[in-house]
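First, the structure itself, so that you have it in front of you.
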Amino acid sequence: MFTVAKLQEQDHIAVQNQDFDLALEYQALTEANQSDGAVVHFVGLVRNNNLGRQIQALELEHYPAMTTKALTELVAEARQRWQLGRIRLIHRVGKLSLGEQIVFVGVTSTHRGSAFAACEFLMDQLKTRAPFWKKEYTSEGAHWVAARDSDRVKAGEW
Amino acid sequence: MFTVAKLQEQDHIAVQNQDFDLALEYQALTEANQSDGAVVHFVGLVRNNNLGRQIQALELEHYPAMTTKALTELVAEARQRWQLGRIRLIHRVGKLSLGEQIVFVGVTSTHRGSAFAACEFLMDQLKTRAPFWKKEYTSEGAHWVAARDSDRVKAGEW
Amino acid sequence: MIKVLFFAQLREVLDCASLELDTNVSSVGELRIALMQKGRDWQEFLAADKALAALNQTLVADDARLKSGDEVAFFPPVTGG
Amino acid sequence: MIKVLFFAQLREVLDCASLELDTNVSSVGELRIALMQKGRDWQEFLAADKALAALNQTLVADDARLKSGDEVAFFPPVTGG
């Protein structure tokens, strides 16, 4: 019933505490890759305000045994829908301060339309199907972030 | 009849011979910017193959008096359509080798949907409305690239 | 034997990260209902509209069948990215 | 006096980057037709379906009105990015 999605050699998925370096990610997407003319990056950062609350920090919990599996499936789905070159996806966990990087999705393709679509698809699906949860720390205390209806709608539109 | 679009202080438009550094562009989009949680980048590169032709290099010509004006108008249109943080747009001209960077569009926003849409909108409009022309150098000689119908269709869909 | 995991807010309000259940429930939905008997918080926060379920690390609907040795996780809608 | 510029393939096939025209044409379309009289290549490559026009650095349709001192550019559909 379930087939296990496998990561292609040129793809990279990581769930990690440590920060990532956008320049190195870009290098990994483009070096020795002269066939792809389009690179699209998404970076998600800890912003200072969510629904009117002043954020001081975030804590990201995940379900380790499931996370990589879920992300690998998303990458496989993206590859079924679009002709893509390389895909790199990094999600951080643990405590993150204001302004820190949370997530990176980088996609290359011969044409820009596929790269834009796949990058946004991966983010939209990750937001509803990958087992990460955010806890916000504000001046009024900590609380778990509620899922957004808009994220469910976006993910369903693909 | 025509109003002259003006660039906002946090925006950057450049048409230049020299290369750009993605890491510096990312820094300019994100530093001292704790309100925007989403960053989307597009980079266009010289790829080795276009419609079956083996590319060795590109030459990019432009209409200097018009280019910055056209790009400034596109950025102003993007700002009218979406709530955006910072926008940076760089287009190179002159002779470019295989694998070199041609164009950068970076957009930040509080939410990813706007950043993705504006970045793709800017690229799609630039492809049909900004006065740049590519000449391809192949093993069989040089020729001007023909405009793609698919680019006209994409630009018209916004 | 079924291994059950809880994450995020669910782990906190139930004050439970994991438990093992020797049970003959045959579906994720039956497991959910069995767990909801454990107390008022369990009843409230495990309700099908509040807690998603994953069977062996894949999101499933409540009619997914269970067998001994399975790992089931319950958690709130995800909020990463 | 109208300043006329040509770019890319157009500049190459017409072997002309710019010219100044003392003319009383009143629109971009009339200017286009006047220039098309200059030779076979001009006729072919300045045709409305092959050459876009910009008036004072803004893309315009052929009915855009001209006045002395204007800068008009003709060029093929753009291919940057």
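As written, the chains take the letters A, B, C and D, and residue 1 is the first residue of each chain.
The rule is short, and it goes like this: a residue touches a chain if its C-beta (ideal position, glycine included) is under 8 Å from a C-beta of that chain, and two chains touch if they have at least 3 such contacts.
Small disclaimer: the values here were computed from a predicted structure and weren't measured.
Asker: Could you tell me the least number of steps, going only between chains that touch, from chain A to chain C?
Answerer: Steps on the shortest route: 1.
Asker: I'd like to verify one number: the distance from the centre of chain A to the centre of chain D, where each centre is the average of its C-alpha atoms, in whole angstrom.
Answerer: Using C-alpha averages as centres, the distance is 48 Å.
Asker: Give, as an integer number of Å, the spacing between the C-alpha centres of chain D and chain B.
Answerer: Their C-alpha centroids are separated by 25 Å.
Asker: Using the touch rule from the top of the page, what residues of chain B touch 2 or more other chains?
Answerer: Residue numbers touching two or more other chains: 44, 112, 123.
Asker: Which parts of chain C, given as residue numbers and ranges, touch two or more other chains?
Answerer: Touching at least two other chains: 81.
Asker: If two chains touch, include that pair; go through all of them.
Answerer: Listed in label order, the chain pairs in contact are A-B, A-C, B-D.
Asker: Which stretch or stretches of chain D touch chain B in the complex?
Answerer: The contact residues of chain D facing chain B are 5, 7-9, 12, 54, 57-59, 71, 73, 75-81.
Asker: Hey, which residues of chain B end up touching chain D in the complex?
Answerer: 2, 44, 60-63, 65-66, 69-70, 91, 102-103, 123, 126-135, 144-148, 152
Asker: Which of the residues in chain A end up touching chain B in this complex?
Answerer: These residues of chain A touch chain B: 22-23, 26, 30, 34-49, 98-99, 110, 112-113, 115-116, 119-120, 123, 154.
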